[in-house]
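Worksheet: one structure, shown below.
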Amino acid sequence: MFDIALIGAGRIGRIHAANVAAEQRLRLRYVVDPMAAAAREVADGAGADVATLDAALADPAVKGVIVASATDTHLDYASRAIAAGKGVFCEKPIDLDLARARSAAGALGGADVPLLLGFNRRFDPHFRALEQRLRGGSMGALETLHIISHDPAPPPIDYVRVSGGLFKDMAIHDFDMARWLLGEEPTQVYAAASCLVDPAIGGGGDVDTARIFLRTASGKLCVISNSRRSGYGYDQRIEAFCAAGLVRADNVRETTVEAWRAAGAAADPLQNFFLDRYAAAYRAEMAHFADMLAGAAAPGVGYADGIAALALAEAAGRSAAEGAVVTL
Amino acid sequence: MFDIALIGAGRIGRIHAANVAAEQRLRLRYVVDPMAAAAREVADGAGADVATLDAALADPAVKGVIVASATDTHLDYASRAIAAGKGVFCEKPIDLDLARARSAAGALGGADVPLLLGFNRRFDPHFRALEQRLRGGSMGALETLHIISHDPAPPPIDYVRVSGGLFKDMAIHDFDMARWLLGEEPTQVYAAASCLVDPAIGGGGDVDTARIFLRTASGKLCVISNSRRSGYGYDQRIEAFCAAGLVRADNVRETTVEAWRAAGAAADPLQNFFLDRYAAAYRAEMAHFADMLAGAAAPGVGYADGIAALALAEAAGRSAAEGAVVTL
Amino acid sequence: MFDIALIGAGRIGRIHAANVAAEQRLRLRYVVDPMAAAAREVADGAGADVATLDAALADPAVKGVIVASATDTHLDYASRAIAAGKGVFCEKPIDLDLARARSAAGALGGADVPLLLGFNRRFDPHFRALEQRLRGGSMGALETLHIISHDPAPPPIDYVRVSGGLFKDMAIHDFDMARWLLGEEPTQVYAAASCLVDPAIGGGGDVDTARIFLRTASGKLCVISNSRRSGYGYDQRIEAFCAAGLVRADNVRETTVEAWRAAGAAADPLQNFFLDRYAAAYRAEMAHFADMLAGAAAPGVGYADGIAALALAEAAGRSAAEGAVVTL
Amino acid sequence: MFDIALIGAGRIGRIHAANVAAEQRLRLRYVVDPMAAAAREVADGAGADVATLDAALADPAVKGVIVASATDTHLDYASRAIAAGKGVFCEKPIDLDLARARSAAGALGGADVPLLLGFNRRFDPHFRALEQRLRGGSMGALETLHIISHDPAPPPIDYVRVSGGLFKDMAIHDFDMARWLLGEEPTQVYAAASCLVDPAIGGGGDVDTARIFLRTASGKLCVISNSRRSGYGYDQRIEAFCAAGLVRADNVRETTVEAWRAAGAAADPLQNFFLDRYAAAYRAEMAHFADMLAGAAAPGVGYADGIAALALAEAAGRSAAEGAVVTL
């Protein structure tokens, strides 16, 4: 059993704490958070101690550190944990600034460093099943890819302002998904974006609606569809068009219940909240972290993946601003 | 091209007239109906003549006769057409009285008589595809069968009173479907019925809601579900449970359009009217009649099938009345 | 937090142990099982102690007892726990013998006794959503009900022999579901059953395929469909036909992935194992037990429900054996 | 009843001849085609005469002319029919050359000229139902639009060579659909295209796979997905993302039959052939032409629509060739 220190006792930190508790090979030992009450609450619920980061890193029994703090601390905390010889599970994004993220590559991106970057959707059972079908070969070569990722409703405008913008905050997941499924790096990016949902978002210089196009060197095409507001729940779909047909992953509904009436059949709503929709993904991600600490698996998604997704987000932002295709 | 005489210029007669017109091998020559205006209208629309039954049967150019008149005339008109050497396409039911229908078997049921009985659902492309899957063998032996057949809304009470009752008027289609798909005669019938939809139906001694159970000698089980009112359209589904899995035919919607909203996804309604739902079946049935007249096909469903379905309807009525299982 | 004693460290006992661990208001204190190694393993995993039943019942800190032992011990253990003043969560069936179960009603069925009977499907989120739609009233009165409950594949023949037979072992869940949803007691039962799946099951005097009809005093009709083998996974569906339309709960798939090819679209399989399909139901059931112990809820399903379902199972068995309708 | 002259007795001409026959208000009077045998066959099947174009246009009884000849004759024949005072139903595209098409606008595009351009998909009942939902207003403003239009398999390479290329031959339908649904003209076009299906298509300077972006002045975004080969049938879907939710039209299957097995559920294939998939659209289009001739309807899609779609196709081709966004 591996002792774990958790940095960050906010919403996503609590999810990870619960998944550490449910994972037999892991035990939560320390919770680190400047908000003492939050740290205490999470620690008490798990039989762990509140500690400073220095104290947690100094304990040789701690084998893994989960970085779930504010985005602008990710690089610093992950670097310190790596330096202390701990396995690291760092939430996405690695940073909002591409140059800064790249400059930390020496410390964080070494091949021998077990750093897992929290692109949780790679661990979603639906998308994973899709990926396995693609890899299985029976569908022929992947040619084009559609990713739909629409939020149910916009986050608070205060969050939007510090989020890094739609491309770095929201599309970043889809850039990672695209890279994972395409199996090849995009070489061209074109992004068209509008502010159609909430003028306040546009007022802050951001967009709320985008379509992003990626092309790889071999000519594979990918379209990413993003919106801050769907009006019908959390729309998370993928369609992979292959030489021998189509593989698709559809949305997940709250229940299978339908009511049929004269006006037609009405199905229950989509799973609406990302923590519900991706609950299984977060659990599987934690099991993968345990595998990593046990030496049974290399990180399924690492530092270089974070850099690559961030580079695509920057390119998309530039393309949308300039109205032109960006070549990487 | 075969000349055709149509007896009956009512709703179903007009469907057949249109399908004769669309079938290149057939030409409507005569329309027979005591309602002169109706006969005239159908004849004019098709370039045919109005005639008496005797005159139509006396024309040697007439090769086929379609009997689409009132139910109590089916046996008489079909017998006369057969006696005149015409091929016959007779609407269901063959009669409402089992003994009378059986007594006509000598005249009508001979193996060499090309009589097609209008169990149109056997020609529906969905049910036909299901049947071909069963016959194809890849699903293993059929073990149990569910047939759902619910009308959108009850017919006028005046129609119900002369209809012969739910078992002979409505379930008769399902008895034929069960016999066709089971590939084996039922030996036991149990029917449970209630009047839940409209007390006026119960007041006339009929029922509006039924579940019917059939068992064959080899132990295959079948459940038929009937209702005079679904509230959500014309519910016509079949599930065939086989040794290697399930084959099912689902309902047909008016369009594939769905609207997704916060409350869930709403699909367009079912095809609601039996003449729409089974339009392709009626066309295919007429093409089959042309095949018969050309000597290219034996009747896909004949007089003996009408007798057998009627016998099941009588047994079901008896079972429901007595609350007991009826052995055939 | 309530201390819990678990009797039975087998498959279902382990499920309950995990759900006790995940439920914040409960703590597993004792594990009781004559198989010492199994008891030890479950206890160690939960930080609990192995104990005898007497010792566990003697501890006043224990507020709840979970009876997950062999069926023929349910009545005895539940009675002893009740006598010791503990809240009881007893696995189904209450017993295989209706007379014996009824004779224990004095000890177990009192209105003030907090006994929860483990009909887990009432806690399934899909069926619960369906039930709420029915209760909500917008669908009008429930008229007829279809329950499909087919296992993926037959259990080992040794299990079948001691199971009490298809009606008491398998259909018992569906009888409870029917009573819950109909909101009215069935007064007539007819069961048709065959041995179509495995002759060894028939050789032991049991059946593997059944269709069961229920009718209530007001004329509501219910059909239950049971099979020991579907060939396509765990088929668990409900259709409730109401005055204003249909409410249905469909099967749950492993993932939403589909592959579209020239031959059509292929969806991923159904959730195949009952512990997966009903995992959420088992969790919700344990939360309900915690509510009961906290005095916040009366048992959602109790002793009298167990008796009623068992009575229907006996009646169905009699009907199938005699080939006749049984009136209750 | 209006007499009709049909120019062109090829595949699409025969479809129109059959729909004229089925439309009570129209009668096929002349068939014009340099291939005498083809003209004769179509004429005989409909009781019409073979004629030269001049003779057909000279007959004052002819009220409507259907231009279903080779693409490079569309402008000439349509102009001559208009000059002769006939109502015209002209197949798409109006021409392959934008400048030439525009130069004919004076003769063909006048507001008082009843010319119907054959963008048949506007008459498809599924897409029409979707359009009515959008116009109905209950979904809120349309914001973004996805159109998927993938052929089952590439046409013969000889056809591809004279087709005008993917954008003018295939995407032209989707440009018209986009304009119709967006209710606003696109002002920017970006097209990314590859040759992934068949190198012979690329060898001829064409592409077989494309993703096209459109943006309107108000910021609405549209993505069109085209492929010459799906591998799974004729994929024709539309998703319209609105302020209040999503309206979508899905593919049409050959039948509703599904086979459920251990590996999952397999549905019957998509309707694979465009003449099957759009059979109802072609019929509705002909009924609309009859409405036009009767003065009961203005053309639902006219010459200016053909020009606009062709301009988008040219812009898309330029964008793909230059790898840059094209502003209209």
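The letters A, B, C and D name the chains in turn, as written, and every chain counts its residues from 1.
Basically, a residue touches a chain if its C-beta (ideal position, glycine included) is under 8 Å from a C-beta of that chain, and two chains touch if they have at least 3 such contacts.
All figures in this text were calculated on a predicted structure; none of them were measured in a lab.
Least step count on the touch graph, subunit B to subunit C: 1. When every chain is reduced to the mean of its CA atoms, the largest separation from subunit D belongs to C. Taking the mean of the C-alpha atoms as each chain's centre, subunit B and subunit D sit 39 Å apart. Taking the mean of the C-alpha atoms as each chain's centre, subunit A and subunit B sit 57 Å apart. With touch defined as above, residues shared between interfaces to two or more other chains in subunit D number as follows: 231-232, 244-246, 260-262, 268. Every residue of subunit A that touches subunit D in the complex is listed here, in rising order: 140, 143-144, 146, 150, 188, 190, 192, 194-197, 209-211, 213, 215, 219-221, 223, 225, 227, 230-232, 235, 241-246, 323-325. Looking at the complex, you find that subunit A touches subunit B at residues 231-233, 253, 260-270.
Residues of subunit A touching subunit C in their complex: 22, 24, 45, 125-126, 129-130, 133, 139, 244-252, 254-262, 268.
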